[in-house]
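The structure under discussion appears below in the form of structure tokens.
For reference, chains read A, B, C and D in written order, and residue numbers begin at 1 within each chain.
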Amino acid sequence: MPMIRNRVFEIVEAGAKETLLSRGFDIFMMGLILTNVVVVVTETVESHAARYEAFFYAFEVFSVAVFTVEYGLRIWSCVEDPRRRYIHPVTGRLKYAVSPLAVIDLLAFLPFYFSVFIDVDLRFLRVFRLLRILKLTRYSGAIETLGNVFRKESKPLFAAITIMMSILVLLSGVMFFLEKDAQPEAFGSIPHAMWWGMATLTTVGYGDVVPITTLGKMVGAFVTLLGLGMFALPAAILASGFAQEVKRRDFTVTWNLVARVPLFSRLTAIEISEIAELLRLQTAMPGETVIRKGDKEDSLFFILVGQVEVGLDSGPVVLERGEYFGELGILYKKPRMVTVTAKSSCQFLVLDAEDFNLLLAQHPDLHEEVMRVAAQRIEGEGIAGENV
Amino acid sequence: MPMIRNRVFEIVEAGAKETLLSRGFDIFMMGLILTNVVVVVTETVESHAARYEAFFYAFEVFSVAVFTVEYGLRIWSCVEDPRRRYIHPVTGRLKYAVSPLAVIDLLAFLPFYFSVFIDVDLRFLRVFRLLRILKLTRYSGAIETLGNVFRKESKPLFAAITIMMSILVLLSGVMFFLEKDAQPEAFGSIPHAMWWGMATLTTVGYGDVVPITTLGKMVGAFVTLLGLGMFALPAAILASGFAQEVKRRDFTVTWNLVARVPLFSRLTAIEISEIAELLRLQTAMPGETVIRKGDKEDSLFFILVGQVEVGLDSGPVVLERGEYFGELGILYKKPRMVTVTAKSSCQFLVLDAEDFNLLLAQHPDLHEEVMRVAAQRIEGEGIAGENV
Amino acid sequence: MPMIRNRVFEIVEAGAKETLLSRGFDIFMMGLILTNVVVVVTETVESHAARYEAFFYAFEVFSVAVFTVEYGLRIWSCVEDPRRRYIHPVTGRLKYAVSPLAVIDLLAFLPFYFSVFIDVDLRFLRVFRLLRILKLTRYSGAIETLGNVFRKESKPLFAAITIMMSILVLLSGVMFFLEKDAQPEAFGSIPHAMWWGMATLTTVGYGDVVPITTLGKMVGAFVTLLGLGMFALPAAILASGFAQEVKRRDFTVTWNLVARVPLFSRLTAIEISEIAELLRLQTAMPGETVIRKGDKEDSLFFILVGQVEVGLDSGPVVLERGEYFGELGILYKKPRMVTVTAKSSCQFLVLDAEDFNLLLAQHPDLHEEVMRVAAQRIEGEGIAGENV
Amino acid sequence: MPMIRNRVFEIVEAGAKETLLSRGFDIFMMGLILTNVVVVVTETVESHAARYEAFFYAFEVFSVAVFTVEYGLRIWSCVEDPRRRYIHPVTGRLKYAVSPLAVIDLLAFLPFYFSVFIDVDLRFLRVFRLLRILKLTRYSGAIETLGNVFRKESKPLFAAITIMMSILVLLSGVMFFLEKDAQPEAFGSIPHAMWWGMATLTTVGYGDVVPITTLGKMVGAFVTLLGLGMFALPAAILASGFAQEVKRRDFTVTWNLVARVPLFSRLTAIEISEIAELLRLQTAMPGETVIRKGDKEDSLFFILVGQVEVGLDSGPVVLERGEYFGELGILYKKPRMVTVTAKSSCQFLVLDAEDFNLLLAQHPDLHEEVMRVAAQRIEGEGIAGENV
């Protein structure tokens, strides 16, 4: 039983051990979520709603069934979490049930059951069903990243928002004072003026409300200019924070892996940091082609996990963990001359050709080592051009 | 008497010695200011104005009373300023009274007294009352930061604004020339054309004024494109300057604190600079939970001020200034196994788990020291997993 | 025959060996492509279409003829590619024919032949002819750069787009719920609401659809503010990635060239990296003036390829590969005193005066070497001011 | 005569030797130019035009007279240029006359003389008079900076513009195809569709032209999103380039000055580079107050040019070139205790308090030297708090 439960945990939990089955489950769930969103959106178009009503209902029942079973399996198997956070059969499961992701899962199907018993506004229900898009959080990591950005940049963000709100309130107050008599319907109160203020300061500029007095236009034009700069602040802070955060997540993962590459074993921690920034992670399923003969020689691959088969003319050669391939084309500036295929599930660190060249230039000892291996490989094969 | 005055100073002055009373006062004032803004904004909506008139008036009287007393206390106690800027009983107080923050305080209630005696336009008064939002300046620091940004980036900002104004004037002149005959009411003068120019160059684009001649559209489209780039300049300059300035303020504060952490005592000034960038400041009130059992092991805490209680199974252990906690979870990659509570008002320097790992990788001696302490802690406790 | 084919290859293939003929061909093709775009655009204006119909048709026939011949020549000569990617007479040519650039070339003229036999919607055809603008890809490299940016920044971009789409869907759902009854024609379905959502979140703000209920305006204003920050993310990611990528392409090219400059031969790889960032590549056709007497002394030139003639009063002096000129003006802060002309096709690395000064300050040995050469040059010429 | 001519040159030429007279002349000219722009703009408002006609004409005559005399003096005195670019009495002056700044000067008054003899369209003339704003170029340096940015960033800018134009043309073609039948007046030709395309892609979004077909809205929404990212590229490239360029101009000037400060004489070139980034240039006229007693101790001053008087209680002390002041307040964290006044025209390098503290932390030898001087100063004065 625990073995089955453990197996279920691995399948339903994204990020757990990667198997074909768990990957398939992830893809199925993502597809189902996206289809749900499309269906909810389409359903609101009356002409479609009428025509496909039966299909829409059937799909809804199917989705709710799947989401319910998925939720049940998650609650049942969460005690298998290898980080042992939910290990207790009762309190552990309760703790899991109130975690944000589990609550989102629950909200995805619970309203349906309510609607069966209670008479709820259908439109309200539809908006609720749109929340299913949040189930994607589990797979993309984007929202988690965004949360980190908000946390880390909270000080400048808060400062910027304070300034924005002050400008909005003051500017709207002034415009209310200036335009009220000329346009009592559009600037009749400060909240009305704030609607204009938001549309203007965000540069949306619907044009449904526009100052018409000369003084109103002057204040509008000049204060707005100042405001625009202020309203660009949070966007800029978020944007730079977001890009940094995404790169940093990658970086931390990569750094831990670079130290395992034998070629880099003699480098210092700081040099490893530098190289880690240049490398990116790539995976391949068994049978996937990593390098195709005739392609551009644009990168070098370090094998972290798994084995690859190099299709030399003299017969296939197997490379495995710790070895690298793809360097000959870069060193001798020729397109790929062999095809390399993954034999098992593989993970690679990939280095761009330009970065590889710079790296060799900066580390003469690396250069020497790489050239020595290249010489062996060419000799072993007999014809330089026929190597990787 | 001076002792009471000193006590009052500590309470009314944000940023002075942090006590429960002074923090409570700050929160009360911020709440009152925000409520005032909401009330002024709401009051302009006629339907509300009539219904809640009595309440609005009572609230206004109450606010003015509080602001008046606050102003009096500030003027009275400003001589206690520890930086001794306003030490003289008469000239010192006068000097304080003309400082920007004191003027804002005065403007917050003075118009009310005027309105009692003189007959002032009510709407004008309302806009004045909105200025109370500027009293928040004292608490947020955002406007001070913004001022620094304007000062530091004044050269590029001035250059950018010169270019923007030149483009606006020239473009409006050309559009006036091209569109005047076709739309005498919208482009009848250069100031009229400038209203279009501002709406276009800031990308607000209300659409109330649009060129209609072919030549006007062509010039509009092409010159606008150039102008857009120019109008993005000040926003970009402000945004990057603002983010830098906020981080720099943090940094300077942090730097001075890092040198006090015993673990970092053997590092050079440059290494301290590097670490200071990674740390952030965090405070806790007495009784606050700093780490909760079962949470993610995402950070390490250095105690700068105060004491914390570690809730070990074998009984509580107290850590104090100079010590750190939260490292075991990171080292052994396990969630928090104990709860840590602040015993007194605490200040911490917080280091993210990823940064901690990088730091250890780059400083082998730090790594050794941290591992030595960790070993002691585990041994002392007996069960590794049951430590912090 | 292969020699003619090789010659043709060099002419039609941008980026192959640069000769006057191949450069002329490139300019002719770019001009033809741009003229085509202008013609297609103009043709849709009815008044013009009628008047110039005959000319437009003739031009179309001419363009199609040129594009057809060009395509034929490319297919015929692609086997000469020095990277030997398409070396096989049949399969190599087929492989070339399915490469993206070749497909674009084919699409540029094929629809014309179809339209002769089949009756196609003329307007549809015109849009197809606009695709000819993609033929510029071959010459600008911009789209290739953009492709690289999308590939490298794919993770943050994908994360940002996930967030944007979620916000769009949820926001549109809420607005549909709030505005449906008030404006059944504008917010009658979620897809309708999404049209408003896109116009608002991208800050385009047409104003054709605007919320009118109080709640709709409030949600619109506040959620929009959040959305704006999110919609700025991909733009910011693309912009910074694009600028980096363009600079990086330059950098990689430059780096390889700096190592060849004799003056820098004693520098380490890291120092070369630093200098490479400061240099930019410049070319000159035979007879072109590189430095004009009396100009500002704003840069220093290293000759990578070709020869230049320095017009000294004592007669012309020839400098060639590996030598540099233009340093005397910078060292002695005087405007150019001689004119330097390219004798052959030249490539230079250009260093700005300010960077040159900083470089000398940071590398005393370089400074010494440069001063030694300067002294020789002045002595050789007799009058310091009359040198380059 | 040449002495008078030289004196005139110094007065009329911005950036030449700074005297009170030349500074006054600059301020007068800038004021006159700005007033001219205001007048031209105001004149187009019919109500004003009638009322102030006589004044406007008198002002125009006066301005033209001043601009003519100024132009004459510039042409006459340009031979005095210390860089000896225009030294020849005839060809030198001709060369100066065709330089961009001289052409702008000529265009500022020449049309007036033409209008006296020839009958020119008055509105056209007005637009020409607006060009006088370009005369500010001589004083602000902003346009020169912008020119440098365009030159340096020309590659990414050109690439971005190629992409933008391709997107605009293709998108407009598609929208023309989709919307032509539904809105023949708004999307009747590709140029018409391009007007929509520009308004949308720049996010101006007037709303005068909007797609109304479902397919048109879908293509509009999705392609627009892509386009927005592309249209942000040039703005971002310009903005970052502009900020860098402005800082770099400052930096180059500063770097050359830092080396002259005795305190920094023992630093290496790289350390000087680091410090140069932190310093900014500040000037003071004779009699100006540099530090006012009681101000915040926010910066340290190095004297580059001129003398200052320190108003100690024991009588004034004079500091001059190479010395620094303002460090005691920072070291002992007290507000300014003395007032420092410029005795002559002064130039300072200013270092912020935070940067000064960091600098001392990173350079123990500097710290020692600064503390030694501080000790002497305090001893000399007797009371620590009463020093600078």
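Keep in mind that, in the parts below, a residue touches a chain if its C-beta (ideal position, glycine included) is under 8 Å from a C-beta of that chain, and two chains touch if they have at least 3 such contacts.
Treat the numbers as computed from the prediction; the structure is a model and nothing was measured.
Engineer: Between chain A and chain B, two copies of one chain sequence, what rotation angle (nearest 5 degrees) aligns their Cα atoms?
Structural biologist: 90
Engineer: Counting contact pairs by residue number and requiring over half to coincide, which of A-D, B-D or B-C is equivalent to A-B?
Structural biologist: B-D
Engineer: Are the interface residues of chain B and chain D largely the same numbers on each copy, more than half shared, or largely different?
Structural biologist: Under half shared, hence different.
Engineer: Report the chain whose CA-based centre is farthest from the CA-based centre of chain C.
Structural biologist: Between chain C and every other chain, the largest centroid distance is to B.
Engineer: Starting from the mean Cα coordinates of chain C and chain D, work out the distance between those two points in Å.
Structural biologist: 30
Engineer: What parts of chain D, by residue number, touch at least two of the other chains?
Structural biologist: Each of 194, 203-207, 235-236, 240 in chain D touches at least two other chains.
Engineer: Quick one: in the complex, what on chain D touches chain A?
Structural biologist: 203-207
Engineer: Spell out the residues on chain C that touch chain A in their complex, using ranges where they run on.
Structural biologist: 83-85, 95, 153, 155-156, 158-160, 162-163, 165-166, 169-170, 172-174, 176-177, 180, 188-191, 194, 200, 203-207, 210, 217, 221, 224-225, 228-230, 232-233, 235-237, 240, 248, 252, 255-256, 259, 269-270, 272-273
Engineer: For a test of understanding, state which residues of chain B touch chain A in their complex under the given definition.
Structural biologist: 37, 40-42, 44-46, 123-124, 126-127, 130-131, 133-134, 136, 140-143, 145-146, 194-195, 198-199, 202-208, 231, 234-236, 238-240, 242-243, 246-247, 250, 294, 334-335, 354, 357-358, 361-362
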